[in-house]
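Here come two complexes built around subunit A, the first alongside subunit B, the second alongside subunit C.
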Partner chain A sequence: MLKDVAFPAVREKLPEMLDLLSNEVDPHILQDKWRNRLRVCFEEILVNICDYSGSDKLYISCELINNNTFRFEFSDDGMPYNPLEEAPEVDVDAGIDERRIGGLGIFLYTTIMTKMEYNYSNGRNHLIALKEFSCEEVD
Partner chain B sequence: MTVTVERDDNVKIIALDGQLDVATSDKTREDVLALLESKPTVINMSKVTYVSSSGLRSLLMIAKSAKSKGVQVIYAGTCSEVLDVFEMTGFIKMLKCVPTMADALKELGE
Partner chain C sequence: MATYVQEIGEISKIKLHGHIDASIAPALMEELKPLIADKDKVKKLVFDATDLEYIASAGIRAVVFAKQKLGGNVEVFLVGANETILDVFKMTGIDKFLTIQDSFEG
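The block that comes next holds the complex of A and B.
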């Protein structure tokens, strides 16, 4: 379990943040596919906070609940901003010419996670991600 | 991420080795775009172990540039984790992906 582990909100710290989350999560997950998918989500969420929140620090929490659901919380002290409201439509059937360059990151984490929530409280943005696995996917 | 040219005659083979993530994707895109010519090109993906959304953005920009120049690009040997991300985002339908380099060369009549 990780509880409000603080990092400077800069890209240079991203490898450390990803390692911390991997060390916490990977031993419980049986499929490389899901380890990889979660890492994709973590990278996107953390990079967005580092690049756009304006916060000096970000905070990471992670816990396994009910033996098969991970709850991740990413918070920062930046201006109130709900990334889930900004999610652009991504047409996965579009051809090369029609494809838009942006929007893939948020599309990925909202697709991969079971549930995403945002709130602003106590002077912080809180982005909460729940990922429920089947019994075959976690140990 | 390293970008190297493995072959350059009637077909160009560009090999990528590493992770296509937020730290590497911009430079990788610049390197690949600088290597694209009019000839058919295979991008050897067999040593790409990870792709994030920033990596996808770079691959999309490469695909758009190649299409605008009329360059045929085939992606060979993409690993299952990267293919999984391609499938979720529809890139699997947008990019020409084949299992092996031999398959790619066969597609090009080699």
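The block that comes next holds the complex of A and C.
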């Protein structure tokens, strides 16, 4: 379990953040595909905070609840910003020329995670992600 | 990650290594720009993903950018990608615009 582990909100710290999260979740996940998918989510979320939040620090929490559901929380002291509200729609069936370059990252993590929530409280943005696995996918 | 562009006639190959994340993807975009500027000379663009371990959305965007700018007459290949790499392409629906192969002889 990780509880509000603080990092400077800079890209240089991303490998450390990603390794911390991977070390926490990977031993529980049986398929490489899902380990990779979660890493993609973490990176997209963390890069957005580093690049756009204006916050000096970010905070990471992670816990396994009910044996098959991970709860991740990413928070920062930056200006209030709800990425879930701002996310552009991505039409995966659109032709190549209609595909927009932006929004793929948010599309990926909202697709991969089971549930995403945002709130702003106590001067912080809180992005909460729940990922429920089937019993065959976790150990 | 290091990329390099190898041009053999009308075929351009870009070798992808290691991790293509948000910090590396801009370098990939830079590699693509001369190809796009000279797009009349390119008939096939091959992304060799044999040594690629990880790709984030920033890397996918670079591939979309190339496909869009090169236009419909240029076939874009993704070669040697492992299952986790292909998974990310499939989730975004970009796989259907690429010719996906285990290897490329040309």
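Quick note on the criterion: the second predicted complex is superposed on the first by the 139 of 139 C-alpha atoms of A that agree within 3 Å, B and C clash if a C-alpha of one lies under 4 Å from a C-alpha of the other, contacts with A are read in each partner's own complex, and residues count from 1 in each chain.
Here is the rule we go by: a contact is a pair of C-beta atoms (placed from the backbone, for glycine too) under 8 Å apart; a residue touches a chain by one contact, two chains touch by 3 or more.
Everything numeric here is computed off the predicted structure, so don't read it as measured data.
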TODO: Check the residue A:3 against both partner chains and state whether it touches subunit B (first), subunit C (second), both, or neither.
DONE: neither
- [ ] Report for A:43: first if it touches subunit B alone, second if subunit C alone, otherwise both or neither.
- [x] both
- [ ] Could you tell me which stretches of subunit A are touched by subunit B in one complex and by subunit C in the other?
- [x] 11, 14, 32-33, 36-37, 39-40, 43-44, 47, 90, 92-94, 96-97, 99, 101, 104-105, 107-108, 111-112
TODO: Sort out for me which residues of subunit B touch subunit A in the complex.
DONE: 21-23, 50-54, 56-57, 60-61, 63-64, 67, 80-81, 84-85, 88-90, 93-94
Task: Residues of subunit A touching subunit B in the complex - done: 11, 14, 32-33, 36-37, 39-40, 43-44, 47, 90-97, 99, 101-102, 104-105, 107-108, 111-112
TODO: Over in the complex, which subunit A residues touch subunit C? Could you list them?
DONE: 11, 14, 32-33, 36-37, 39-40, 43-44, 47, 90, 92-94, 96-97, 99, 101, 104-105, 107-108, 111-112
Task: Touching residues on subunit C, where the partner in the complex is subunit A - done: 21-23, 54, 56-58, 60-61, 64-65, 67-68, 83-84, 87-88, 91-94, 97
